[in-house]
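The first chain written gets the first letter, and so on, giving A, B and C; residue counts start at 1 in each chain.
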């Protein structure tokens, strides 16, 4: 299933936050969206996920979601959004219960996603007992449990320290390599973007518009920390963004 | 030139003060005292004594402190906030006497044959449901303000005489009881005639008997003071009783014996009682509320003893309390001892 | 930079400690010791006479009174009736309060309509409405349940909708993003998320229920701890008054303890 954004624009009151965004998200690809603060990256993600409605333009699902997909558009949140009163198992079972999946079937699914995210031993742990990285892996496991057509990832690694972030990026790459998934990945971290994105969409400052779409052809599995060609992409992206970021920063100060 | 220094001025003033209080039996001249009162006609003795200057004649500078209920007044005497007051004998009063805080020193309101007194009542709802006489109240709800109040005593004495048992229902306030009687939530009660009669006429309840028929010579209210005043301030206490008695005599002359102007008396009482109503409306209530206040603050010890014994038999106050603990009978004439 | 290894330790001063404190810990026995101390002072004062019998009863006499009450069997008659009133009244008030609080927390119209009403009835001294309750619900148990229920209702509502407001919105968005039904979100996210706030609200509500018990038993109660205290008060019988007050205090400690147990069981997920 593909996603197409067709001339999406939006304002909050008098403030126009994005303008005329047209973008295709192809199945099996990770599309990273980068841009300065306040350019509407997260808003765009909420439009795609149907949690907010844009003033202009349309968001289209093209094709049908794959077999067994429970929740085609599935979020992974920056702050994990785990229920603190449920165990790891319970947090994943939460999203299956409403689809009538309980008991053995649910356990099979949960065991599978826990194994894929290397959390099998922590099924009965409560969120407060887990580190930030593990919490985000639980959130990813939960997203995988509903077999999403597209994962909507809103700065999923921003709340983590840099070492954990590296480890989780490796995990995400592993997950994708074993079973490719479609994802829209919002981040302000360019290293993440060049490491995980098949496509990197650079947004301008407010009102957010597409500055450039950078394709990175190198297979995800071959990318590594400190690759020279990735560094070059990252440098290019930073040049695109630097002026925007500086202007956006000044703008915020003047507000 | 006359040397008119401060000392001489004071001597002169003192002489003048002494001259003006020669009539007083007491040591005190213009002694400030506080008298507790409820805005009821039964407290008229104090009001008259104040208005007509009888307290002043007795060398007392009286200041009234008004209360909403008798109970806090008794506590205020015990705490020394007020010096004298008039109220019904209740379990609380006896307990405070037992703790050495207060003494009964005289009598005030009493039931007397021939003068309209307190009434036993049956609520209209119960009356229609077949409770026609006081005897029919057997097992029914009988309203009291609190356990150990005078209402409790009156109800119990009636029940004893009729050979019935009542379910005493505490409702704290007279207003709440009137409401509960009107809506038929309780079955029986007793109250002073000026409340009993108008509402009986209005159909709220039926008057089923006189308290005086069940408790003859009932000493309803007494004059009391702190044990300290009774023991150590003899002069001041005698002065108070003297002023109070003159007020009571004037009240009886105007309202009962009709030897003085009733109108004038109503004008005076109206300054204190039913002040929220115009005089024309207040007058009937004041007249209806007329009851005998003991002349000379005489105290019926037999009635006090009977009340004390009843409170003791109910286990409401300690069984070892004697009449002497409660009463200092050295101030006024006593009967029935 | 100087070469630190060339200096002898005697040249240095120890850094003085200035941290610590500001972290009170619970020391259970201190509470008991304070109680014991106050009671002993009262006992000594009343025995030696510098506290008059009018001011305070002898603690030992209060104990004797309590023992007599226990032996006469009336203790359980009073306690049983009061507990019944307390449990039924508080249960009605708390359950309606929680339901209304959740509704206020969830629906704009209900919130706009009811919050001013709640704000208006919160400060009413419920005792003042007692005569009205007697007319509405009768002089029997009905008005007593109603008074206690009404008294527990308002603080429960306020605590509940505050707790619902404080439920992490990202958790609710998460539920929506996974396509959970409205009812599932309320049941599995909003209610458990609001539970800490609701329980701490109930602590206050139940304390108010105990306070109102005395008021509820002002009208037409022959038995009950409140009626017992009121009777003792009107008779100025300080021993019985204090015995009754001690029972109420114990009742408060008991209720608070029960909520503590529930909190530990239900809110074990909090650190």
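Throughout what follows, a residue touches a chain if its C-beta (ideal position, glycine included) is under 8 Å from a C-beta of that chain, and two chains touch if they have at least 3 such contacts.
These numbers come from a predicted model, not from an experiment.
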Chain closest to the assembly centre - both centres taken as Cα means: C
Relative to chain C, chain with the most remote C-alpha centre: A
Pair of chains whose C-beta contact count is the highest in the structure: B-C
Gap in Å, rounded to a whole number, between the CA centres of chain C and chain A: 46
Computed distance of Cα centres, chain C from chain B, in Å: 42
Centroid distance [mean C-alpha coordinates] between chain B and chain A, Å: 86
Of chain C, residues touching chain B in the complex: 52-54, 130-131, 134-135, 138-139, 218-222, 227, 230-231, 234-237
Contact set on chain C toward chain A in their complex: 168, 170-171, 173-181, 184, 188-189, 192-193, 195, 267, 269-271
Chain C contact footprint on chain A (complex, rising order): 49, 51, 70-71, 73-75, 77, 79, 81, 83-86, 94-95, 97-98, 126-128, 142, 146, 152
Chain B residues touching chain C - in the complex, by the definition given at the top: 71, 74-75, 78, 90-92, 95-96, 99-101, 141, 146-149, 167-172, 175-176, 179-180, 183, 185-186, 316-317
